[in-house]
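Shared between the two complexes below is subunit A, which has subunit B as its partner in the first and subunit C in the second.
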Partner chain A sequence: MEQTLERGRCPNCGAVASSHFCSDCKRIQPVRSNVDYFEFLELPRLLAIDEAALEKTFYSLSRALHPDYFMGASDEERQASLARSSILNDAYRTLRDPIRRVQYLLKLEGYKEAEKRAPADLLEEVFELNMQIEELKNAKKAGDEQEAQEARESLEEALTGLKQRLAGIDDTIFSLFSQWDAAIAAENGSGKTVLDDISELLSNRSYIRSLIREIEEEF
Partner chain B sequence: MPVIELSMTGRPKSGRVVGIDLGTTNSLVAFSAADGPRVIRDDRGEALVPSIVYYDEEMKRLLIGEEARDRLITEPRRAIYSVKRFMGKGADDVQEDLKLVPFRIAADSQRVIRFQMGNRVFTPPEISAFILRQLKERASSYLGEEVVQAVITTPAYFNDAQRQATKDAGHLAGLDVLRIVNEPTAASLAYGLDKKKEGFIAVYDLGGGTFDISILKLKDGIFEVLATGGDTHLGGDDIDNRLISLVVDEIDRRTGRRIESDVAVFQSVRREVIRVKHELSSSENARIAVEPLQYEREISRTELEALMEELIERTITPCKQALKDAGLSADQIDEVVLVGGSTRIPLVRRRVEEIFKRIPHTELNPDEVVALGAAVQADILSGGSRDLLLLDVTPLSLGIETMGGVVAKIINRNSTIPASASEMFTTWVDNQTGIDIHVLQGEREMAADCRSLAKFTLKGISAQPAGLPRIEVKFLIDANGILTVGARDVRTGQEQSVEVKPSYGLSDEQIEKMLLDSLEFAEEDIKKRQLIEARNEASTVLAASEKALAQRAAELIGDEEQQSIRDAAEALKQALSAEDHRLIRERTAHLDSVSRHLAELIMDNAVLSALKDRKAEEVIGD
Partner chain C sequence: MAYSDKVIDHYNNPRNVGSFDKKDPSVGTGLVGAPECGDVMKLQVKINPDTNVIEDAKFKTFGCGSAIASSSLATEWLKGRSVDQALEIKNTEIVKELNLPPVKIHCSVLAEDAIKAAIHDYQKKQGTENKPEEAMANA
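And now, the complex of A and B:
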């Protein structure tokens, strides 16, 4: 894996430094440019992650970088510790969660943030759902409790279906993780289609999630 | 053979860092001793300093803590308590609180509360600073060195403004605040000192004014907060208020008049119900007696529980939310820790047991455990211990206002701190040179429903067509949970200047002004001390000169000289009745100089007579 992003000279001793600490004088290094979370956490740009190992890295880097341990250091070192700790926390938060992890990877690979898009086979259902939501709204406005209750019940059923569908999408996304990792290992350029698929699934996912939220708010 | 001592090696003795729990009701200070954290007590063994500050009519006598408590009843408008409830707030936030306290706020309290005390006003950070200064002095005299550095705790659910106000208070008290630590996390440090401890713990912290719940994961000496929640306006004070209205209503009904307006009576009732509340934590029944009103009543624990049940229920929703945010169910919690005086209440313990299905830990004194934990963190910060590391979270989401008053979240609640987010900004119209950014804290969708933190203005953007400038703004929440903002022009790489207008709290200029004022106070203190010292010295010289005049040797000097000594003594006595230490010193020096000749003569005489005696002895001896 390429390690080009964070390279520079140690402001203290002038040695070439490409890690959190200078290899010569051991001082903490300032953050030089946009950081790649995978690199920061010493991980290859892969999607299947050993979560226990990731936690271990997070804890050991926390012990090395946290501002608690730089209280008596120079202003520059304290700044570096603060900057590196915040990146560490942001990186861990992002990569620990599989959905955030793949969203981040897509961003690195040049994809735009997934827009909400309804899955093609859901369009009819969505039309129906919107009508039901409308009915519930009207019933509530009119104070018709029986009508509202009926609308709620049919929405409840739809909600269960949507949640199952969401879980299904997540499973499909996770199953594509290993395909991406294999494509990277094979270096055959087939990763692109995997990411295209994931990107599409994320759009559907985000659409269904906001639909669920909308229904739940009406309850 | 003496054994060579090696104990002198190690870190150079630098300033000690203390841990301070600045509470709604009580405050205390602790430090890290060789065998672990320890609270610092006064001569009577009391660790708690009541968080009460009193200033007299002439603004000359400042009383803090126990001494100020008595004034709650005798001069209620001059004794400020529960100041923590006002930290980082504006007048609109505290209207309800103000109905329940006897003190008043000045006009111009929109951005920061100003308590009116006589003809002076004090902000909450200034009042808190008085309490902190008291603790600082206590620690300094106990440790035998001036304590300057401190860790101060705040409720986990405190927002940015409340944290900043606490830091400001420390600054005003002459403290270098190394860190703001969340109370429940501090408590977990005190409990989890045993490095081997692992698992999930819940800290339930119900104090005098605030409620916090934090869920932590302990592993390899790392205390990782997974989620936190709370209510910065829920605590023992609220229970007191319910009891007060019960009693006040009954008295009103009996006497047919409204006593609530009588602040002294109100304070007597308050003191009595607090006593009774405490008693009912150990007894089933208690007697409320407000003597001046000849009011008496039995109250059972069951009655008290009925009164406060709704308040205790309000702690349950945050507990459930915190569990959900942590991704845990109640039965995954290994241990539950109780913190804060209000967790002595049996009903609270029962409810906590029910939610977490665990008998909670109560081994450490719930009033002291937060300060002890702060001392542990202080030790970590001073480089004493590297075994433990606290990774805390921000309790509230950080967002910026976008079109239509909608909030775009940029850092979610329960993110580990330090945390950061970068956003890109550009201009809307051609040649626009400034951009306003409104930053808020809270979970709601609309800006109007969130807490406004500050407005940042990016200034000095070079004139360009709309949409061309690219300014990257970096929002950083530091380890104190306090926000800083920096901006950079992406094209030029230049730092962009940012003007900050905090929505609540004190500006840097105001803090500086207050520091100057507090130096003035310090000057007054110095003047007082100088006066005392000058008077002491004057009395010594006066006594010596009078004694000298009474001796036989006084005959050796002429009447004129004797008279000048008497005149100088008389002049000094006159100066003593005034308060000018310079005049006293001047006249002391004068008396000293005019009586020096006599003093020398007396000395010579004494020497001579001693020599004579000696000669006589020698003669005898031979």
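And now, the complex of A and C:
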């Protein structure tokens, strides 16, 4: 896949530079616009990545870009070191977590979260469970311990189911990672359907996660 | 983030909270959600089939103050409007009325979606829904 490399001329020697350091004079490069975390961490835009290798890259770049090494350098270089170190941390935090990684990839590929429509039965379920959470809140407020206990029991059962489904969705998403990678390798344009599926799963996952959080807050 | 007085008013005194029987043929139900925040909004309209005027509207929203205020305001605006007028309500009018900040614009979008979903549900029940794909096929 064609990647938009972060390119520009080295301010020191004028050579074309497309990395953290100029290949000619080895000076650290200023941050240019449109930073792509995959590119920043020297990775192709794939999903099933080797997390141990990513960690190694992170540590070696952390050292190479660290502001301590640029104390005596020019203002521009010190700025570049600070900016690159900060992006490095964000990039690593984003890409090492598989869900955040795929969310980031979807964003790069032009997906917007708000555009998706959840299936009607999921929305019905989310609505119903919110009603039950509200009942529990009201029972607690009114001091009706028996009512609260009933609501709690019913929500507890729902919570177990929701957690199982969340785990199931995550497994399905992770299994699609290799499909995306294969589609990129095959260059046959089939990656779009994989991302559509992932995007829908992530949307459903968001609802389920919110519900889990809300129910747990009430316990 | 500070809410506008109008948002706070609708939040503290939401108008038209409740529900109609969704099996009633004169009732249209719209249920929509926002995955980013887990909000769900249910909006229902009761329409007089002879005049096509919305006689009553109810809602129940689980979400932030802006989502509750947007849907509360929507039900106020819907009452007395014709179906066509209701479909003309734009989320930008809700944003303006409630002074919603940019991060809360999606709440007004949700309310507009809920209105449209409720009316389409009613039209589907009445068999008066415009089906563009069928119209195309018959043309």
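Everything below uses one rule, namely that the second predicted complex is superposed on the first by the 198 of 219 C-alpha atoms of A that agree within 3 Å, B and C clash if a C-alpha of one lies under 4 Å from a C-alpha of the other, contacts with A are read in each partner's own complex, and residues count from 1 in each chain.
Keep this in mind: contacts are C-beta pairs under 8 Å (C-beta built on N, C-alpha and C of every residue); 3 or more make two chains touch, one makes a residue touch a chain.
All figures in this text were calculated on a predicted structure; none of them were measured in a lab.
Enquirer: With both complexes superposed on chain A, which partner does A:67 reach: first (subunit B), second (subunit C), both or neither?
Expert: Touch status of A:67: first partner only.
Enquirer: Regarding the shared-chain residue A:24, is it in contact with subunit B (first), subunit C (second), both, or neither?
Expert: Touch status of A:24: no partner.
Enquirer: So, A:210: does it touch subunit B (first), subunit C (second), both, or neither?
Expert: second
Enquirer: If you stack the two complexes on chain A, which partner ends up touching A:87: first (subunit B), second (subunit C), both, or neither?
Expert: After superposition on chain A, A:87 lies in contact with subunit B alone.
Enquirer: With the touch criterion stated at the top, can you tell me which subunit A residues are shared between the subunit B interface and the subunit C interface?
Expert: On subunit A, no residue contacts both subunit B in one structure and subunit C in the other.
Enquirer: Considering only the defined contacts, which subunit A positions touch subunit C in the complex?
Expert: Within the complex, subunit A contacts subunit C at residues 113-114, 116, 118, 120, 123-124, 126-127, 130, 134, 202-204, 206-207, 209-211, 213-214.
Enquirer: Going by the contact rule at the top, pick out the subunit C residues touching subunit A in the complex.
Expert: 31-38, 40, 42, 60, 62, 106, 109
Enquirer: Would you mind writing out the residues of subunit A in touch with subunit B in their complex?
Expert: 59, 62-63, 66-69, 71-72, 82-83, 85-87, 89-90, 92-93
Enquirer: Could you list, by residue number, the parts of subunit B that touch subunit A in their complex?
Expert: Subunit B reaches subunit A through residues 178-179, 219-220, 222, 380-383, 386, 389-391, 415-421, 476-479.
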